[in-house]
Structure formats: C-alpha cells, structure tokens
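So that we are looking at the same thing, I have put the structure below in structure tokens.
Note that the chains take the letters A, B and C in the order they are written out, and that residue 1 is the start of every chain.
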Amino acid sequence: MSTVDYTQELSVIEGKPPLRELDDLISKPIDAKPTKKFFIALTISGSMLSLLVIGLGLTFYYGIGMWGNNIPVGWAFDITNFVFWVGIGHAGTLISAILFLLRQKWRTGIARFAEGMTIFAVMTAGLFPLIHVGRPWLAAYLFPYPNQHSIWVNFDSPLLWDVFAVSTYFIVSLIFWYVGLIPDFATLRERTNNKIKKITYSIFGLGWRFSNKHWQHYEMVYLILAGFATPLVLSVHTIVSFDFAVSIMPGWHATIFPPYFVAGAVFSGFAMVQNVLIIVRKIFNYEHIITLDTLEKMNKIMLLTGSMVGYAYAMEFFIAWYSGLPIERFTFINRAFGSYAWAYWVMISCNVISPQLFWFKKIRRTIPVMFIIAIFVNIGMWFERFVIIVSSLSRDFLPSSWHLYTPTYVDFMILIGSFGFFFTWLLLFTKALPVVSMAEVKATVTGSQPSHKDH
Amino acid sequence: MSNSSIEYIKKELSPKVRTIGSALFVAGLIIVVLGYITDPVRSAYNNIVGLTFLISVGVGSLFLLTLEYVAGAVWSTPFRRVTEFLAANIYLIPLLAIPLLLNVNTIFQWTHPEPADKTLINKAPYLNVTFFIVRVALFWLIWLCFYFFISKNSVKQDTSRDQSLTKLNIKLSTIFIPLFAITISFAAIDWLMSLSPKWFSTIFGVYYFSGTVLAALAAGTIFIVLLNEKGYFVKGLSSNHYYSLGALLFAFTNFWAYIAFSQYLLIWYANLPEETTWFIVRWQGSWKIISIGLVFVHFLIPYFGLLSQPSKMNPKRLLWMSGWILFAHYYDLYWMTMPNFGKDGVVLGWIELGFPLLIAGLIMLVFNFKAKSQNLVSIGDPKLKRGIDFRL
Amino acid sequence: MMSEKILYSYTGIFDTPDQIIHATEKAVEAGYTKYDVNTPYPLHGMDKAMKLKPSKLGYVALVFGLSGTLATILTIWWMSAIDYPIVIGGKPLFSFPAYVPIVFEVTVLSAAIMTVVSMLFFFFKLPNNSHPLHGTEYMKKVSADKYGISIQADDPKFNESSVKKFLESVHASEIIPIYWDEEEVNHKNKILEPKFIIFLLVVAVITSGVTYFSFNQLMYMVPFNWMMDQPKLSAQQQSPVFADGFGMRQPVAGTIARGDMIYQFTGQPDLAGVKLVNPIPISKESLQLGQVKFDIYCSPCHGYNADGASRLRGQFPNPPSLHSDKVRNWSDGRIFAVVTEGQNTMPSYSSQLSFDERWAVINYLRALQRALNAKESDVQ
C-alpha cells in the first residue's frame, strides 16, 4: 500500500513530456493513414449502423406497427433508448464543464473526447423522438414557427420542453466543443503541409493567432460557456424526467425524478466514457495523458452517482409505502415481483450492487475489472429506464387495460443500430480531429505555467 | 514540504463574541420560556423551526467537513477549523429536541389518528412515538460519533503532524456521507414532512439537504470572512479563497431553487388532491405573500447578489449575502412548518423572535468555547501550505 | 515588379513561461503599447503582466441571456393566451410554471450563441486568415511549444534597432522580423467577389429547388401521402360500394337515430296542437336551456323578446310578434308543430333543436309572454 503524501499536488500528466512531443502524439492518428484495425472497427460499427438504417426504413415505410408498442404500453424501446442515450451524453458535459468550474485539472486529458461523445450521444438520442412520431417528416411541426395550421405548439407539454432542451443541449455542446477546437485547428494548420488539410484547418480555425489579447476573452467565454453548460446539463435530463414525472402514473409521478435522473445520467455516462477511454488510451498510447489516476477518479464518481441512484430507489420505495396509497404500493411490489421482475433485478444488481465494488481501491485501479463493472452499469441503466417505462405502463390503473409488451426484431435492430450510429461517428472523430485538447494538455504539464512569484 | 514555514499566532477572540452571544442567548431564552408559558403549541412549532435550523447548521457543517476530506479539497484547509467549530453545535441538538419529544402529541397529528382514518393508521409502523424517539436518538448519536472522532483527529494532528490522521479522517468521512444522506432525509421527513402526515414527496429529503448545505456554507462564510479580515488566520489567504466560498453559495442557491421548483412544478402539473393540499395551504390568505416572498428571498436576491465575479470575492458582499442566506433558510423552514399551525394566515409576533435569538447566541457561544481550547487554523494539516497557495 | 517589403513587427521567441512573463513586464515598462504576446495556451498571470482590462464578454452574455428570457416569456404568453388560446388540462391560459423549462433553455441558448458570435466576429474580427503573422516561422513556433512577443512597427516608440536591443536584453532566443505579405497588402477586400456571388447563386438555386420539390412534390408521393389519402369515406366523396355512387346516405327507412323521437303530426299542426302535450315542467334548468337556445336560433328573426324585432335588416320579412293573442292562446303542442315543420317563410328547426330543446324553448317563450303581459298578481 503506497502512502500518499498530502503535501504534494498530484500531477495530471505523468512525467514532463516536452510540449512538441504532446503535439506529435495527439496529431499522430490524424496524420497517419487508417490502420487495418481501424477498418475492422469501422466495419463492425458500420454493420451495426446498417441494421439501424434497415430498421428505420421499415419503420418509416410500414409505420410504428413494426414495433412492439401497444396500448397501454405506448412507449417502450423508443423512449428507453432516448433517455439512455441522452444520459450518456451528460457525462461529457459534466467532465468538460462542471469539472472545469470545480478547477479539477485531471479533466484535461479526457475533456475533448468526452465532449465529442456527448455530441454523438445527443445525436443518437435525438433520433428517437424523431422516429417515434409516426410521420417524422413533419417533425418541424414541433417548432413554434409562424404557420397556417391555426394552432401553436403546446407549451404545457413536457414533450415540447424536450424539443427545446435537447436542441439547446446539442447546439450549446457543439459550440462549446468547437470553441475548444479552434486553437487546435490552428496548431494543426501550422503543422500540416498538405494543401487541402491546410485550407480546411484554416477555415475551421478561423485564423486563430494565439494572441494573448484573444486568449483573455477566450478564457472568459470558455468559463461562461462552462457556467451555462452546467445548469444546462442538469436542466436537460430534468426535463427528460419531467416526461414521466408530470404525469399521474404511479411509479412515474415522483418528485425526486429530476435529481434522480440527472444522477443516473451522469452515472451511465461515466460508465460509457470510462469504457471508451480505456480502449482509446490503449490504442493511441495515451496512458500517460489519460492516467490511471484519472480512471480512478471516474470510478469514484460512478460510486457516488450510483449511490445517489440507489438512494432514489430506496426513497421511492419508502415513500410509496408511506403514502398508504394502494396503487402506489402495488406499483413497486409489481416492479420487484411482477412480469418484468427479471428486468428489475438485473437493474438492482447492476446499478446498486456492482458499483459498490468501487469502495475498494484495488478494484478502482484494476483496468479489466473496472471495465466490466462499467459495462454492467450501462446494462443496468438501460434496464432502469425499461423498468420505469414498461412495468408502469403495462400495469396502470385499470386492470382491464393491462397488457404486456414484447419487443419485435425491428426494436432490436434499432437498439443495436443506435450503438452502431454512435460508434461510427466516434471512430470517424478519432481520425479527423484531435481526441485530446492539445492546448489544454500543454497548459497542465508541470512547468508549463510561470512560477507564481508574487502574483 | 513542511508546514514549519507557516506562521500562526493564536489570537484570542474578542470578548465581544462572548458578550453578544450571551446577550442573544439570554434574550432568546427568556422569549422562548415566556412563549412556552403563554402559547405552548405555537412555541412548539417555532421550536421545530429552530431545531431544524440548528441541525442544518451543525450537521450541515459536519457534512461540509467530510465532503472536503473526501473530495481532497485544499482551498478550504486554512479555515477548516471554522467548519469544525460550527459542527460542534451537534451537541446542542437534544437541548432543542427534548422539549418537542415531551410534546409530540400536540404537534404531530399522527400520534393520535382517528380510528376511521385508515391512511394514517397504515403509516403506524413508521409513524409511532417509540420509533420516532428511537430515530431521533439514533441519528443524533451517529452525527455525534462522527463529529467527535473526526474533530479529535484533526486537533491531534495539530501537534503530531501525522499524515495518517488525514487518511483516517478521509476514511471516516467516506463512511459518514452515505449515513448522512439517510439520516438527514429521515430527519427532515420526521420533523417537517410528518407535520402533514397525509402528504408525501420523494424529494423532500433532498430539499431539506439543499437548504442545509446553504445554511452551513453561509454560517461558515460569515465567521471566515469576519475573522480573516481581522487577521485571525494565517497570512496569504487571497480573494481566490473568498471566490470559492462565493461560488459555492451561488451554486447551492441555484441548486435549492432547482429542487424547490421541481417539487412545485410536478405537484402543480399533476394536480392530484393528495399532493396539492400542502401548497394550497401555503396559498391561503397572507401565506400567499410569504410563498411569493420565498422566491425573492431565497433565490432572486442571492442569485443576483452573487452573480458577478467581483461580487463573489468581495468580503462585504459575502458577509451580507451569507447573513441574508441564513435568514432565507430560517424563512424557508418557517414556511414549511408554521402553516400547519396557522392555517388561515401568517403568524408573526414576538414569540417568533425567540428561537432565532437563542440559536444565534448558542452558535456564537459554542464557537467562542471551542476557539478557546483549539487553534483556529489546523496547523498540522499536510494540505495547509497547498491550501494557502491555492490559486484559481 | 519591385516591391519593398513593409515591416509589420519584430518578434522575439522565448523558451520558458517565466521568460515571456518577464519580457512582457519589461515591454510594458518600456512603454510599448502596440504589441501582442502569442502563446500556445493561455499563461497564468499574462493578463496581469499585459495590464489588460477585464473582458466585457460577461456583460454580453448577461444582456443576451436576459433578452432571451424576456422574448421567450412574451412569445409564449402571446401564443398561448392571446393568439390561439386553448385550455389545456384545466390550467390557466398563461400557465407560467410550465413555461419555465423552455424559458430557461432559450435563455442559455441565446446567451451562448450570441456571446460566442460576439467574441469571434466582433471582438476578434475572425475569420481572418490573412494576418501578417500567418504562415510565418514565428507562428509555427508559438502554435507549438514556444512563447512569443510581437512589437508592431506602428507603435509610437518603435525603432528597429532599439526594439532589437530590447528583445536581446530580455533574452529572446530568436528574433524574427515579420513583413506584410505582398498579396495581402495589394489585395482589396471586396464583399462582392465573383466567386462569392456565384457561390450564393448556386446555394440559392439548390435551396429553392430542393424546397420546392420537398414541399410541393415529395410530400404528395408515397409513403408520405399515406395519411392524406386514407381509405375512409370523407364527406361528399364518391363511393363505389353503393349503386348510386353516393358516399353520403340517408338513414335506413323505418329507423330513427338513438335518442330521437318520431313526430307523428306532419302536415297537421292543429292536430299536434290538440294531441301533443309538453312533457317538460317549467323549471329553472328548463328555462335556462330554453333561453340559450331561443337566443341562438329564434332571436335573429323573432328578436330577443319575441316581439318580432329581427336583426335581419330586411333580408327576410319580419315575423309577427309572438305576444299576439293568437299565439298566446295556442297550446304548447301547436307551437311545437311550427318549430318542427316551419310555417310560411320560417323553415323547420327539427335538425337544430332536439325534441327536449324545443319544449324548453317553448317554456321560455311562455315566460316571455307572461312577462310582457304581466298581471298585478304576478308581482306578489
């Protein structure tokens, strides 16, 4: 057991690599030709993506009847997947924005990648409200543009709040990501000799000159964006939780849903980010940038948010009993012992039990084990949304309306395909853009900042 | 890097602290006693407001203490002792709780449900006097134990400079935090939510928690800023430290507003009679003004007061805002509790002054008492130098 | 063409952060004002060293954020409470708690977009890829791992040799002069360059073509038109199912609609007057219903007080007052016959008023008649 010396600051980047080395290391995947491994990975994700395309094609052509949705289970895989993917997105913003506000320097190695994951996750998530409406080509109806329908959109509906929330989240995340990329585009512009690349980087880099007069405003705007992105992240998943919580369905209508969903989103998001980062650092040799300390901190956050999710489960259960309402009590007993009990217990073991293993330092710092735990967490969090949606809907107020739900092959194609969509974008990202922020990483290497004489 | 280069001279607190504290305490005590004699039920409700406020400051400070340990924060190390002194108020909880425990039957409807009231009777396995008292005692013991050992280690470290004490405190803190989550939630449910025994809200524990953290931060900030301006801590603390305090106050103000609004919106939207009663009571007569006032007092004023970067670093602004936020938390607890007593309108009179004065006095006296025997700065803490050098 | 290279600035390259901070402080001391520092990432303390005033972008964010808040609240209020008000879930027309999520989101969105746009386009005047520093060795270095200071030639204290000396005195590892690029100097920026105009035209043509095709053609093609062309029978549509091709059918002979009654006195109003008895007693509800229906259906011709003060402005002949002795002496059933079948210019109101509603109207009429012919005993 190594003893920690609390008088010393933990270094973020291991060792003290020269700055140019960092530039070279991070630009390498972009400059080099794609390897065979890359093409194999792309083929796999591409095939999964094609499943999505086929599934969506069938859905558009023949309608929602291709899915297993029925009355009363009007929402099933579609909204489960939507909430799942939006949740994944939240880890990215938390890492880049919230950890920035908390001055946690260990975010530098992972922020760019995490933000990229956010954007792709939100894009994936955005597919689902779009396709579950039946006539997705009329999706523009959701926006309050001047029209001749003699009716405006329903501002009282949480589904509309979702439209604004997810759009805003996507746009602001994109802006935040892009602003962070500007200096890196400029660095790449200066490094490259390829004419087309030079023009591309010049366009996207906007001609950034690394002037300190600009850095000053840049840092303020970065802080402001981080300051906005933080409540944004909280608000987006809160609004997603409102989809359920504003209803009167037992099991859906619980005041704790907003913070519970946000904690759950961060929880599942971190699990996905951790999984992807473990792969990335291995493939690109970024072990000294994305350090074991960083991974350990991420696991601690998973432990924290997983416990918050567990708290929410317990509180819901207790208050359902405390309320004395027979329907509330039934809903929770049904979750644990009804037709979907198997899903419930998968959820509990994956979400409540497995992250508790992170109390042990050894486990927090062992890569294969933490990888598996994070996979379980993702599975568990998918099932949590499934349990909330399907178990409540299939057993709502009138027993004569009760009906179970069975997914169809199209449902599965779309679920698997959504992962293909996400990972394809991610793979292309690793080849097109620097996955670690060059400017930020260089700024946190030991010795990269002036020594504070009397500042 | 040792801390021997850090200069700390222990200054005695000004005797004013003791005098003002005693004066407030005595004045408060007189009003409270008179209140109990003249209108015991109303005083009992005030007692609940006072008790939950004291728990917020005391247990909230313990939470902040443990959070600092677990998160590995360094910026707060130079004045962590202030938080420890505020956490010592946990000792006083029985003082305010016992008059209530002797009075449960007057305040809590669930102690004597009508025989036909099936809903209330169904809650009896949880809402019964024995279990209630057991919970109050158990929670207090848990809080006390952790406070005792964590502060003992911290004080021991002043002389021993042993880094393993920090490690031990981190371990204790990590265990405390989940226990805190459970105990503070159920304390809120017991003392506040069960006043309306037919009402329920899953977020209630989180709501009380959000106010608690704010109150603890605000109380800490007042002492830290006042004492720092008079040079009681070590040299080298800068506006960066103030900024962190200001930023936390700002952030948790937003968090409180978020939780409060979530609770309100969901209940308003679904419009279920079993849930809306709580808010409807707070919209009757003059309670309407208090409810609207809550938005301004607890959210809008602190929000705009702490929005700009300079305001977060300004000691005067921090003092005013912290004082205001403490008032806002009391206001919040009052708004939660008193409508159960005065259903038609606001009850505000001399009785309501009793507990605030009493508790303000107690906090000052406890602080003074602790400052006599312990250092105001944790000079043995290995993170102290990093904490002083902290820059954003 | 012989062109003199015009000097833009003299730059110094430094290897460590401490050196560049020191150099900057010395440059400020020396009184240079038109200079800049270039670093691959922001250095702590450089803003202070350059004595830069704090950035005002925070105010931009605040202003645009609050404008977004206000604009959203006003827009939603107008759309929900004024322009097309619909009562949703029993909530008030302006249900503010429900609007908070959207108002918040738009606040953040407008603040974020406008702050970044202001910063890039107004504060930085980017995009700008033709600055003299672009494409220089200096830029290559400061974008990677070196720190640089650039003292511009148009600084009042600028003097080539003194600047070189200054840079040597602060230990610059390299001193590089930067010249304006000839093309950039001679180039006049016009906004209406031919390439740009062609680009705009192409975009316009493509956009309008795609829009036209999508909205006017594609939406009417399979499968997008499937909900428009539904296989159900709409009103006034032809139908191949029936021999006469009409989609709209009469009710089957010998049947009446559920809840309906048969009127047995067609063409025999006097017989109806004798045989039909008003089954609805005069009550508050009946009179209220009667009043509502009378005001809607009868008053345009008969007037609100049944005195014949019609509002038809001569399009139809005014009916006689219903307070005449003749009408007052008619039985309820006789009046019922008139309402059911019509009389002279008055059409039948059997499709507008159900049986019960007609009786209610008659009750109300009786009340009106009594009101205009009140006896003293009525007042007691």
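Methods note: contacts are C-beta pairs under 8 Å (C-beta built on N, C-alpha and C of every residue); 3 or more make two chains touch, one makes a residue touch a chain.
For clarity, every value in this text was computed on a predicted model and none was experimentally measured.
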Legend entry - Chain contact graph, described as a line, ring, star, complete graph or other shape: complete
Legend entry - Chain nearest the global centroid, as defined over all protein CA atoms shown: A
Legend entry - subunit B and subunit C, separation of their C-alpha mean positions in angstrom: 45
Inset, instruction - Measure off the straight-line distance from the CA centroid of subunit A to the CA centroid of subunit C, and report it in whole Å. - result: 30
Inset, instruction - Please compute the C-alpha centroid of subunit A, do the same for subunit B, then give the distance between them in whole Å. - result: 34
Legend entry - Residue list for subunit C, restricted to those that touch at least two other chains: 44, 58, 89, 98
Legend entry - Residue list for subunit B, restricted to those that touch at least two other chains: 265, 269, 391
Inset, instruction - Can you tell me which residues of subunit A touch two or more of the remaining chains? - result: 231, 238, 242, 452, 455
Legend entry - Complex contacts: residues of subunit C adjacent to subunit A: 17-18, 21, 36-48, 50, 52, 54-55, 57-58, 61, 75-76, 79-80, 83-84, 86, 88-89, 91, 95, 98-99, 101-102, 104-106, 108-109, 111-113, 115-116, 119-120, 123-124, 126-131, 133-134, 139-140, 142-145, 219, 223-224, 227
Legend entry - Residue numbers on subunit B that touch subunit C, as the complex places them: 261, 264-265, 268-269, 271, 307-309, 391
Inset, instruction - Note which residues of subunit C are touching subunit B in the complex, please. - result: 44, 58, 62, 89-90, 97-98, 100
Inset, instruction - Could you please specify the touching residues of subunit B with respect to subunit A in the complex? - result: 1-2, 118-120, 122-123, 126, 163-164, 166-167, 174, 178, 181-182, 185, 189, 198, 200-206, 247, 254, 258-259, 262-263, 265-267, 269-270, 272, 274, 381-383, 385-386, 389, 391-392
Legend entry - Residue numbers on subunit A that touch subunit C, as the complex places them: 18-20, 23, 60-61, 135, 137, 144, 150-158, 160-161, 164-165, 167-168, 171-172, 175-176, 179, 183, 186-187, 189-191, 202-203, 206-221, 224-225, 228, 231-232, 235, 238-239, 242, 438-440, 442-443, 447-452, 455
